[in-house]
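Structure below; questions to follow.
Read from first to last, the chains carry the letters A, B and C; within each, the first residue is number 1.
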Amino acid sequence: MEIFIQSLVSGLLIGGLYAIIGIGMTLIMGVLKIINLAHGQILMVAMYVTWVLWHYLGIDPYLSIFITIPVIFVFAEGLSKYLLNPLIEKESILPENQVLMTVGIGMVLVELARTIFSSDYRSVQTSYTDKALYIGNISLSFPLVIAFGIAIILTAGLFYLLSKTDLGRSIRATAQDKISASLMGVSSLKITILTYGLGSALDAAAGSLLLPVYYLYPDVGPLFTVKAFVITILGGLGSPLGAILGGIVLGVAETLGATYLSMGYRDAVGLVIFLLVLVFLPGGIKQLTKI
Amino acid sequence: MSSGLKSRSFQITKTEWYIIIAFILLPFVFDFSPYFQGLLIFVLIWVMLGSSWNLLAGYTGLVSFGHAAYFGIGAYAAALPYYHFHISPWWGLLTGGLVAVIFGYLLGIVVFRLRGPYFALGTLASAEILRLIFGEEDWLTNGHNGILYMTTWVSKYPYYFIGLILALGAVFSIKAIMNSKAGFYFLSIREDEDAAEALGINAKKYKNISTVISTFWAGIAGAFYMIYMGFIDPEVVFALHNISIITILVGIIGGVGTIWGPALGAAVMVIVQEMFRSAIFGLAPSWVSRMHSLVFGLLVIFVILYMAGGILGDWNLITKKLKFLKRNQGK
Amino acid sequence: MTILRLEKLTKNFGGLTAVNNISLEVQEGEILGLIGPNGSGKTTIFNLINQYYKVSSGKIFLEDVEITNLKTYEIARLGIGRTFQVVKPLKRLTVEENIMAAAFSNSNSFNAAKKSAKEVIDFCHLRDVAHMKAGSLPIGGRKRLEIAKALATKPKVLLLDETAAGLNPTELDTAIEIIMKIRDDLGITIVIVEHIMKVIMNISDRIHAIAYGTTITSGKPEEVAKNKTVIESYLGSDYASGGIANA
């Protein structure tokens, strides 16, 4: 029983991080209407930036989010402006050409990382990476707890942005109906670029927060892309609240899977959930609860 | 875009005969080193995979991001009877296609109701799940250790000709079907599924037909790969980037929705890959050899941005641009 | 004889009843006009006949055979052809290929379909553009193509949904001519939805008028044109005395 609770708690904590990744992806999906198959790779880039900052400048990973967030934000805006937006006009047999473009971007990012950093595993070590908090016999990884806390702050900030600011309203309007929104003066082009930046920025934060507890290597990128779209579909498209639930569900399911099945199947859990959701609950959790 | 549909029925054109004869004579005319023969055989495998994907995606509009699933299943259909019962993998040429079809049909039940990107993701997920299962279940598949087999012949020539027959089989069977009623129906479904239904087209049935043919050839390609290479493991045959994505690239570069596009794309891919793997045949510094995956990624970006119809698909545009450049050069 | 019969057809979308208990009969060989203000449910009725929407209640009969719960393609094959209000050409195929795709519903060979398509192309005045991609046709051609595709399935009943919208006077005359020929030469029964009164009043044998999803009245065009409720629903009660035949 204790093992179960331990797994549950660990899963919950990492679920918090997964949630931010999911929110970022669902935001992009909601506004750009594409599946960003480079999402995990952008996370990887943020992780490498964080690692470099720590390795060469001694900057604490949690503090580096102040750097990675803006850097990735601008980078992602560039990707969106120069590589994704031009495709909106093009009529091609392949309706998925935007999605394919993100695949291409993802590939380039992974291979660039491999060229610069090689395939070696990297990690950070700080005074607190191995620390744990204890509630009874249940151990909570200290870095994960901090990450969870920061994740909550970021999520709250995002919700405030979306619901209370003009910018947030423009984003939501464009997500609901691009044409009407542009008729009311919202530049859908600018909003798509900005949203891609915003979604990626959240990704970047997650990356920095993840580094203390996760090994870094180039192929981590595609791995997290898969997790990201599982979370998004699980939670229901375009629903940030759904993404939070989806992230937590995935985190818990994966940890339970790793504990009770085997390490190798941990990543398969997400995929199986994904297929099940696609078949039985295409609207995701959102469909169940009308969030 | 609708190449081949103008013929009144299935016919092999003169150009196509030249291509066939050229390929048959190729190994006799040039005393190719085994290295080159190996490259040609890879081209043939990609022709099969690319054509199979193109039928489903380019002609029927079902963009699969997980064609590696069928390739891998075909490969293991040939390998598993050998691994467990020492039955020759050559039987895989018969069974590989069929097993892939069965799996494709089952998967279709799950993913056909999905439209657009969800279909793509569903196929991607299924290939990944297979990769993980085949990697984990050691008792069945020998897991990550893979399955090894002493290939029948040392010389590559017989493999080349067998591969050639299979590849031509794939291309021409697809050409035949695209010239038939089913072909028109595939295109109609691709263009507008609702309009197609109003014209009496049973979309579900024809999506299944397209899937059957597509997965069949992907499975055959996998079985042939097993027989030729003598070694497979889940990370290789179910690979997302190295099989599924490159299959898509092969289709796109050559020309989505054309008969010979995938064949052209296959040739281009192998050439580009080898150019970089061998550091431009030894002429460039050695770090270039690790660049080929990066180059692929850049190629995807470039092609989608500027040549989404592929070489054959955008042929008219490309020739126009070239003529324009030539004219300006003369001035 | 009654070739198409709708019996107490009802369609609910959540809380909204788009089609409310509508019954009508279409006689073989006639042109039945379906009129009503925007949003009255005309296209919804077509979508129900075609099974694009599931019927909430009621039945549909084609030649006394119930077709209410069949699939769209089965209904098409049984003999109901339709055009879409927002035309749906198969854009990257040529006009000829579009029509051939439709013709295959009645033949299995490439040559037979091509021959069948040729006849329809000539019938619909599309010979000049037969080899153009459907996506590059102007609106007049697209509307004719829409009719041609439906015709090539050799239907018994043809549902025409606003085939005249957006056409200039010359194109309009061509469209009317084609529609009349479809009934006169090919013997196909036609149900037509139209907003352009000149078209629908002149070519229909009978009119069925609806508003807010319910039937107002039906009968010969002249009678329906004088019906007060019909005039009200279109033009408001101020015009009720004028008569829409003069509109």
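FYI, contacts are C-beta pairs under 8 Å (C-beta built on N, C-alpha and C of every residue); 3 or more make two chains touch, one makes a residue touch a chain.
What you see is a predicted model, and the numbers here were worked out from it, not measured in a lab.
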Seminar exercise, completed: With centres defined as the mean of Cα atoms, the chain at greatest distance from chain C is chain A
Problem set entry | Pair joined by the larger number of C-beta contacts - B-C, A-B | A-B
Seminar exercise, completed: When centres are defined as mean Cα positions, the distance from chain A to chain C in whole Å is 49
Seminar exercise, completed: Here the gap between chain B and chain C, centre to centre from mean Cα coordinates and rounded to Å, is 44
For this session: Take the average of all CA coordinates in chain A, do the same for chain B, and state the distance between these two points in whole angstrom.
Result: 32
Problem set entry | Per-residue multi-chain contacts in chain B, two or more chains | 1, 257
Exercise. Where does chain A touch two or more other chains at once, residue-wise?
Worked result: 93
Exercise. Which residues of chain C are in contact with two or more other chains?
Worked result: 92
Exercise. Can you list the chain B residues touching chain A in their complex?
Worked result: 1, 57-58, 61, 63, 110-111, 113-114, 116-118, 120-122, 125-126, 128-129, 132-133, 135-136, 190, 240-241, 245, 248, 252, 256-257, 290-291, 293-294, 296-301, 304-305, 308-309, 313
For this session: Using the touch rule from the top, collect the residues of chain B that touch chain C in their complex.
Result: 1-2, 5, 8-9, 179-181, 184-185, 187-188, 191-192, 194-203, 257
Seminar exercise, completed: Residue positions on chain C within touch of chain B in the complex are 50, 52, 71-74, 76-77, 81-82, 84, 88-94, 97, 100-102, 104-105, 108-111, 113-114, 149-150, 153
Exercise. What residues of chain A sit close enough to touch chain B in their complex?
Worked result: 34-35, 83, 86-87, 90, 92-97, 99-101, 103-112, 114-115, 222, 226, 229, 233, 262, 264-265, 267-268, 271-272, 274-275, 278-279, 282
